[in-house]
Every structure is written in structure tokens, then in C-alpha cells.
Amino acid sequence: MTQEKIIIDVGDGAAIPSKKDMGLFSAWRISFCGAIVLLIYLVISRPDPYLKIVKFLPDGIIVTFQVTFFSIGLALIIGLITGLGRISRNRIANAIASTYIEVIRGIPLLVQLFYIYYALGRFVRVPDMVAAVIAMSVCYGAYMGEVFRAGIESIDKGQTEAARSLGFNRTQTMFYVILPQAWRTILPPVGNEFIALLKDTSLVSILAVADLLRRGREFAAESFAYFETYTIIALIYLLITLLLSKLVSIMEDRLNYYGKF
Amino acid sequence: MTQEKIIIDVGDGAAIPSKKDMGLFSAWRISFCGAIVLLIYLVISRPDPYLKIVKFLPDGIIVTFQVTFFSIGLALIIGLITGLGRISRNRIANAIASTYIEVIRGIPLLVQLFYIYYALGRFVRVPDMVAAVIAMSVCYGAYMGEVFRAGIESIDKGQTEAARSLGFNRTQTMFYVILPQAWRTILPPVGNEFIALLKDTSLVSILAVADLLRRGREFAAESFAYFETYTIIALIYLLITLLLSKLVSIMEDRLNYYGKF
Amino acid sequence: TDATWPPMEFVNADKEIVGFDIDYMKAAAKEGGYQVEFKSVAWDGIFGGLEAGKYDAVCSSVTITEERKKTMDFSMPYFKVRQALVVPKESNATTLEEMTGKTVGAQIGTTGYFAIKEMEGIVAKSYDEIGLAMEDLFNGRIDGVVCDDPVAAQYALQREDYKAKLKIAAVLDTGDEYYGVAVKKGNTEVLDLINKGIQAVEEKGLANEFRAKWIGQ
Amino acid sequence: MENSEPIIRIENVTKRFGHLKAVDNVSLTIKTGEKVVIIGPSGSGKSTLLRTINRLEEITSGRILVDGMDIMDRATDINRVRMEVGMVFQNFNLFPHKTALQNLTMAPVKLKKIPRQEAEKNALRLLKKVNIAEKADVYPTQLSGGQQQRVAIARALAMNPKIMLFDEPTSALDPEMIGEVLDVMKTLALEGMTMIVVTHEMGFAREVADRVIFMDHGAVVEEGTPEHFFKNPTHDRTKLFLSQIL
Amino acid sequence: MENSEPIIRIENVTKRFGHLKAVDNVSLTIKTGEKVVIIGPSGSGKSTLLRTINRLEEITSGRILVDGMDIMDRATDINRVRMEVGMVFQNFNLFPHKTALQNLTMAPVKLKKIPRQEAEKNALRLLKKVNIAEKADVYPTQLSGGQQQRVAIARALAMNPKIMLFDEPTSALDPEMIGEVLDVMKTLALEGMTMIVVTHEMGFAREVADRVIFMDHGAVVEEGTPEHFFKNPTHDRTKLFLSQIL
């Protein structure tokens, strides 16, 4: 009857449909099919405004993906460095990495975006997209840092000992032995963060980066079809994240069944 | 050498400083003291604009807290219902709860805010604060639903069997036996979601709700003191979330040491 | 420019930034012999971006005010507006004073917002975009919106669905305002070019042509 | 102890888990006041059979009558049946957020609407009976396994059941605690309670049981008095099992 | 086998974990080619002592010389020392993301810059030596424990070490696999490798060891030849331990 501590994990990405969770598994289908059917129905039944809206948005989707990809790439690099800092025995590196995580996670992303975009704009001159990507990746780097740290710490200590006793130094051990194993643990949460990041790129619309949401707002501002526009935008985001979450779920299955190691 | 599956959990709230994680523990101190010292230094050394900014913001902070409290309250109720739906053997209730979670988590909060605020504004007329609270709690209710589900599922099946064999029906078992035990598991993630929600209330500033961020933006737009204003805003959010994360951490410790059951 | 301010500047169905200001600046550029490129930027950071050098000039229905002159330089005025109050059809308010106790919206950081904020007894609400304020007015969340009169006219008189419900109650006695193009303080190089262009456009009387095209009367 | 009305009637009961027949066409009749001990190897379906009696497991086919009520009948309020059938689990399953006393009073107060004071008086009486009155205000985690199991027995008794089911009540206990739980069960038996006990404690079976039932692969292989069982069992499987366990 | 130059010198070495002295003022000299078996009860500091030799544990005080190099000296490149000291762990610790062959070639290729082809040739030779050449392209998870441990030994040998340390190499193995690992170790011993082996396999100790060391509470209690040890040990603690283990 000793209750062990149970940690509840609700990621900020999408709900990943897994075969273990039949509820979500079938909910994924309902949502996905529902969204597609609704989208097609709207476009066909009322081309004005729905078809117009759909035609207006594609370059916004591209921008959304661009921001997402560049940000996740940069965030992975920042995350790796931060994660290594967090497990470092060097007190200063450790303190810097930990404080970075603590501070970034303590400030709303939107405030960070404003800050990096406008306030720091005083000192460095960068294009909008770059500023947006920097802001997103600085923020997500902190989360990725924790993902990397946990991933690295999940590898058995014996691996490090074996590598060190063969003569590998710390860095070599990390890159030849630990990280190549850690990616399996890291990949699913990275997939999840990817989806969360994609959703959060909607915030860059505030910065006049012409992403999906911004495009929609522009259309709505001109046509006053708020309801219709936001319906389409919500459907598009939903379809994208549902597809991505399916991908993550397939990836997780692969990792679990893939017997290679 | 069989690797068990390790799940990495990086919540979307603040980084909770725990005594087990010395890095974050001391980072919390560095961040907190640093933020306070910086805030005081700025206000004293350059009252114009910093003191002005600080004086301008208090009612914004109050609005931020109001939105947060009402939203978390409502989200808890929605979450409980959703969580119960998710574990329900009634297929329809289960499908509705799962689909709600899947859909809500698939759409960016900002888009949901716009949608609920403007698009649905055509059909129902509600004050902006109410609309903001509804939007926030509809979104967070989905996350809370997963927290409740996990919390309920963490309780040993034997508890249900014991209660049922005494003659309690399903509902009685849930409310007299399961939930009173589940809150211990649920409380820490709820604390975490609370912080995440507080940060996300910054998004309601987009809806012209006069929260902390909106107040700051108004000040900045008029005074052009962007850098200074966003610095103060970031510091205030940081201080609030750091304080709250400390609270959550203290609460977790209490729950762990508190031997009552 | 903040392209959410029809008819002065906005994005049309072909995703082009168009409007009075745009045509005006294009003409001025032609006259002044320089190239312009328009960039859509959110209003409440538009001057921050200017200062940060993300662009050289702001041509976005910027009213020349003393306050603003402290932080940036303005071109010669090129357009005159007044602030207008838009209210629902059934309202009988005709001045801003009569809106006491009511909630009035305006775009963040505009002269319209400054006007309502200074008014005792009015609950001022700031929006990111004027269209969002109009939508809230349309949906009954607020009781009035203050903005530049051409914009007010665009919303209250042009749009089918709005026309049925909204009207311009009054042009406010906050005095005439003049639009100018803002540049970073001390950036005389750009300022001179712009002034030269505006001068030429005014001399040719092109402004009236644009007015007719975008604003009507 | 040989009253003749049967209080439990199990008729051709089968319980499947997927392809597995955990209980395979079992028929049994248990009379009021009878003490039945079920033995058998692990996985033979003892727990499953026991749990079908208060419908913790729903049967796949067959019929079960408890005190005249068909428990699979839709018209039967299963919660009323369960109030008449007390159950004691291997893992005690006390409510950890309630004190020992509260564990006992909860069901009577909430379900039978007995006034709290009266329920507490009765609870204290039962705790005395299981020799643990001094721990009334203690939470389960502060009790030893044997103490917890005794509280669990008292909790079941607090509902004043006509039948008590025990599923290996001592097998999660350290050896030194088994005795104190068996003593409580023996007292209960002497008082005439109808009891069905799944256990590996052969001493208890010999001393208390009116009838011993041996199960294997979901079926009842052999039944009889303890004397019959421990002196000359008929079936080879029973012999094998007894030789391993004794 | 009695060459006289000492290849390892352990001088007054103490290792503390907080208040606990895991190794308590131990001095030892090990000659080239010597085979030393360390025995002792659990927690006596055997593993810790072994691990100080290649600085997997940093010593608190004392001095350790390996092949003339002071391993705690800042001027010493500890990774050079480690290349000369092979280590085999209880849990094998093979790299699961590499095949058996790659496990062997990785260190020589990356650290000694040996051409891949040459390294692979050498690796295959070693896999043959440990009787597992046919599993060269298999990943560790598909190997049995005994096979994994043999690959682990070959991996250590691939760096061409002068000394081999074994920390209970057979105690995570099922009994039927212990022999195949011990055989490999015996072969290695016959070839003249300097070996320090922590093990509970007394047969191996008797057959292979030049010297047996008994540790308790972090200290060396007794040392001597296997004959001395198993026939007439001096200390009571040694006797007690041997009586339990044999």
C-alpha cells in the first residue's frame, strides 16, 4: 500500500494517438476525418468566402512551416548545448544553463517575442523572420535543453564507464556513445515539442510575420468574414497537427518495435 | 540490457525548482534575486521611465490574475468532466471527451482565442473578460482532462474493487474513494498547468483584455519606451512565475513528506 | 505601414498592400526619384521598428503630434483628418461627452485612442487593429469606436453588414490632424527625399485623384 | 451448523477472458452457515470464481443466485447484493485516506444512512472484536499487514453481511502475522457466518472447513470434507497438489 | 610467470564516499604477468579498489602507479593509461547501438587512428579467439549474456592492453554460460596477461591465480597463494567467508 510517486505528464504538443490509448486512437480518426470532410464541404458548398479564404492562405502555411523548421533546428542546437551544460560538472556552465532554463520558462513566449523583436531591435538589426525564429528557438531551446538532459541521463551509467575505460574522453564518450543511444529517448518528446512549436508559431503573427494566422487576420480584416476565416484557419492548424501527431505516433511505434538495439 | 521505455516529461509551466535538482534549485535563486535586484535598480536609478511603467501596470496584473483564477477554476471543472468521460465505459461519452481533447490540443491557443472571441461573438454576446476566460478554460480543460484521467488511473484498482464490494456504486466510488486519493497525484501537475495558464493569459492581450501585457503595450505605444517597458513586463512575469513555481515545489515536498496516508 | 487601416492602407484580395497612402507614396517616390517598398507591420510596434531600423520610414496614417516629434522626425503634412466617433445605429450620442460611462474602443497607440483615454468617465479600450474594434462594436461588446474619419467612413458607410448597424455619430472637436511620414530622428537624408516627393505630388494635385479613388467624396 | 437452505447457488457458471476459460462450467451450492475452503494451483480460477459471486467479475454464462437474488438479472440491484456479501482481499485494499474507524463507518453511513454516532459505536465494537480497537484513529499505512487485514475484515463486517468471501487473506502477510488474522476468521466461523475462503492455509481448512473444494483449470475437480481430502483424496491431480503444498 | 618488475603499485590508497571508507589504506604491488584474484563479502570495497586503478573512481589519498605513470598526476594523460588497462564489467556494458564487430573496432579506430580495415581484421581475430566470430555483425541485444561478456572481453583486448581488470565478470550470467567466459579468461591467463579479477568463482581462483587477496571493510585482510588460502587461511574472517562461499 506504499504509494509510489506518480508523475503525470501532459505535453504541450498535440495529443498523440497511441494504440495503447484506444480513446485517443479513435478520437484521432474522428477528428481527422471530421476536419477534412468539414473543410471540403465548406469549400464546395460556399466557395465565397471559403474557397477564397483557402486560396488566400497557402503562402502563410509555408511561412508557418519555415518558421517552425528553422526554429526547431536552432532550438535543437541550443537544447543540446543547454542539456550538456545542465549535466556538466563545471559549476558555471551548469549555473548558466539552469538559469537560462529557469528564466525562459518563467516568461510567457509572447512577451519574449515582443522583447526580442522590438526591444532588442534597438541593438541589432535583423529581418522579421530572423527575429521570429531567434525568439522561438531561444524559448524552445530551454525546453529542448530539458529533453536532452533527460535523454542523456536515461542512458545507463555503465555505458559511460565502458567508454571511459577504453580511453575515450568526456566529449568523445558523449558524441560516440551516449548521444547515438539517447536519440531514441529524445525523439518522441522532440516530435511533441515540434508540434507545440508549430502551434506556437501562430504567435509570430503578432509580429507582422506573414504566417498562416497573420494571413487569415488580414483576410478577415478586409472581408470581415471573421467567423469563416477563423474556422478555416482552425481547421488547417488542426489537420496539420493531427498529421504530425500521427507521424510522431508511428515513429514511437517504430522505435519500440525496431529490434536493432 | 533491455532498455525500458523512458518517458521524458517537460511540462509547459515553469521549471519547478526541486531539491533533487540542485542545478534548478540554485538557478531559481539566481533568477529570483537577479530579477528583484534588477527591478529595484532600474526603478531607483531611472525613475523615468521605469517607475512610471511600474506604476502603470498594477491593474493589468490584477486582470492577469483574475483571468488566471477564473480560467483555472473553470478548467478544473471541465477537466474533471473530461477526465471522467475519458475513463468512462460509455462509448459515446468516451468519444466526445477524447475528440474534445484531440481537437483542442490540435489548435493553437491563440487561434482558439480569436475564434471564441470574435467568430463566436457573432452568435453570443458576452463581455470580453468572460469570453477570454471561456476560451482559456476550454483550452486548458483539455489538458486538465488528461491530468485528471492520469490521476484517477494512478489509483490502485483494488480501491475500486473494495468500494464496489461494499456496495458503493460507480459514482459513489469515484467521489468517496478515488478522487479523494487522486488529488495528491493531480495537485502537482495542476500547479504546473496553473503557471502555464498564467503565462498564456498574456495571449488575451490580443483580445484587447487589459491584462499586464496589454497595459505594457499601451504604455509602450504611447511613450515609445519599448525596451524599457518590455523589460519591466518580462521581469514581472518572471517574478510571478518564479514565486508560483516555488509554491508548487513546496507543495510537492509537503505531499511527499506528509505521512498521513 | 500597418496594412489594417482601410482605406488608407490595407491588404486586398490579391495580397497586395494598397490604399490611399500607398498610392500617394508611390507617386511621391516617382516624383522624388526613389524606390519604395511597403512592409506590413503591426501598429503598436511600428515606431519601435522604425527606431530599430527595420525600415526607413513609416507611412501609415501617422498623425503628427508634439509627443511623437520628440522621438522621430516628420515630413511635411500630406493629409488632413479629424477623429470620428462610430456608434451603433440606435445610439443617439453625438459627442464624445455623451459617451461618459460607456466603453469606447480605438486602435492602440493612435490619436483616436489618446483622445478617448484623456476623456474623463470613458472606459477606453485599446485594440491591435481597428477592424477588431469595429467587430466588437458590431457584436455589441463596446459602445463606440474612435478613429480617423476616412477609416470611420470606410467601415460605417461602405461595408454592407456594418452599414445596417453602424453610423458615424460625430466628427470630434479634437481639432484637425495632419498625417506625415515619420522617419528616424536625424535621418534627414530620407526625410528630404520624401518631402521632395510630397511637394511634387501636391503641386500636381494628384492627391485629389487618390482621394476620389479610395475615399469617395 | 447443518441448516439446509442454500444461500448461494452457482449453476453451470463459465467465465472467459478472451479464449481462456478461467471458470469452466462450475456448479456449487452453499448453505447458510457453511464454511467452504477453495484450494488449487495458481491460475486455476479460484479468485475468479469467488469474484463472480458478488459480480466483481461478470460471468459469461450460467446463473448465480445469492440469497435468492439472481445477480445477473437486470432487475436486481447489485449494490444491495454486495451489501450482503462481505469481501476480504489479499492486499487488504483499505482506504488509505481514511482512519481505521472511518474505513468501517464510511459504507454504513453513506449507504445504509446509519447515523454517524451509531455507526461509530458499531465500528468500535467490531475493531474490538478483531483486537485492534486501540488503532481506531490510525491511518492504514501506519498499520502492519496483519493489522490492516483485521481492519479490512472488520470493514466488511460493518455492513452486517450474511456471507463473507476471503481471497487468500493471509498470503500477503509475513508469517508472524498470519496467526492473528486466522484467529479472527476462526472466531467468525464459530459465530456461524457463511464463509467461502480461498487459502493455502491447510491447517485452517482442516480445522474450520465444512467442505473443501479443489479447483484446477477453472473446473471443480474434487470436493469433500477435510478428512476425506487430507486422508484419501480421489484424484491424481488433487494428490499431486496436496503433496506439493503440505 | 615470475617476472619481477611491478606494473601496478598501489600505495596507501584510501577512497571515501562521504563518511564511508570504501577502500581503507590499501597497498598492493602487482607484477607483470601476475594473476590476482580479489575476493571478499559484498560491500567490502573490491569493485571500488579495482576501479581506482583506471581512475573510474578518484582516490581520496594515496598514490597509484600504472606502468610507471602516476594516475592522479595532472601531467598524466589518464586516457593513455586507460588504453593500457582493459576493463570488463559485471553487466558487460556493450554499446547497444553497435554490432559486436563495431564494438571492437570503435576505440582502436577513433582513439588509436588505426585504419578501419586493419582494425576489423584484428577485431575478427579477437572474436575468433573468444569463439564468437560468427556473431560479428549481430547487435548485443541479440546475444546471450555469456556471448555478450565474451564480446566485452574482446572489446577490451582490441585496445591491446597490458593489464586486464575483471569485476565479477560471471556473476550476471546464467550458470550454463559461466564456463564459456571463464574458459576465455583462462586462455588469456595462459598467454601471460596481467589480470586482476574480482570473482566468486573459487575454482577459477584455485586454477589460475598466482595470488588471492581477501578484502573486508575496505582493507586487505589476508593475501597469499591459492593453496594457502583454501587449505589453511590465517584469519577468522577469511575462514568465515570461505566457509560460506565454498
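In this document, chain identifiers A, B, C, D and E correspond to the written order of the chains, with residue numbering beginning at 1 in each.
The criterion applied here is as follows: a residue touches a chain if its C-beta (ideal position, glycine included) is under 8 Å from a C-beta of that chain, and two chains touch if they have at least 3 such contacts.
Quick caveat: nothing in here was measured; it's all calculated off a predicted structure.
Touch-path distance (fewest steps) from subunit A to subunit C is 1. Set against the C-alpha centre of subunit A, every other chain centre is closer than that of D. The centroid of the Cα atoms in subunit A and the matching centroid in subunit B are 19 Å apart.
Chain centres here are Cα averages; for subunit C and subunit E they lie 81 Å apart. Centres computed as Cα averages put subunit C at a distance of 82 Å from subunit D.
Subunit C has its Cα centroid 38 Å from the Cα centroid of subunit B. Along subunit D, residues 91, 94, 96, 140-141 each make contact with two or more other chains. Multi-chain contact residues of subunit A (touching two or more other chains): 3, 114, 118-119, 121-122, 206, 217, 220, 226.
Along subunit C, residues 45, 48, 51, 128, 132, 135 each make contact with two or more other chains.
Residues 43-45, 47-48, 51, 67, 71, 105, 108-109, 114, 125-128, 132-133, 135-136, 139-141 of subunit C are the ones that touch subunit B when the two sit in their complex. Interface residues of subunit A, counted against subunit C in their complex, comprise 52, 56, 59, 114, 117-119, 121-122, 125, 127-128, 206-208, 210, 215, 217-224, 226. Within the complex formed with subunit A, the residues of subunit C that make contact are 2-4, 6, 10-13, 15, 39-42, 45, 48-49, 51-54, 128-129, 131-132, 135, 159, 161-162.
Subunit A makes touch with subunit E in their complex at residues 156, 158-159, 161-169, 172, 176-177, 180-181, 259-261.
Subunit A contributes residues 3, 5-15, 17, 23-24, 26-28, 30-31, 34, 86, 94-95, 97-99, 101-103, 105-112, 114-115, 118-122, 142-143, 146-147, 150-151, 154, 184-186, 188-189, 193, 196, 199-200, 202-203, 205-206, 213, 217, 220, 226-227, 230-231, 233-234, 237-238, 241-242, 245, 256 to its touches with subunit B in the complex.
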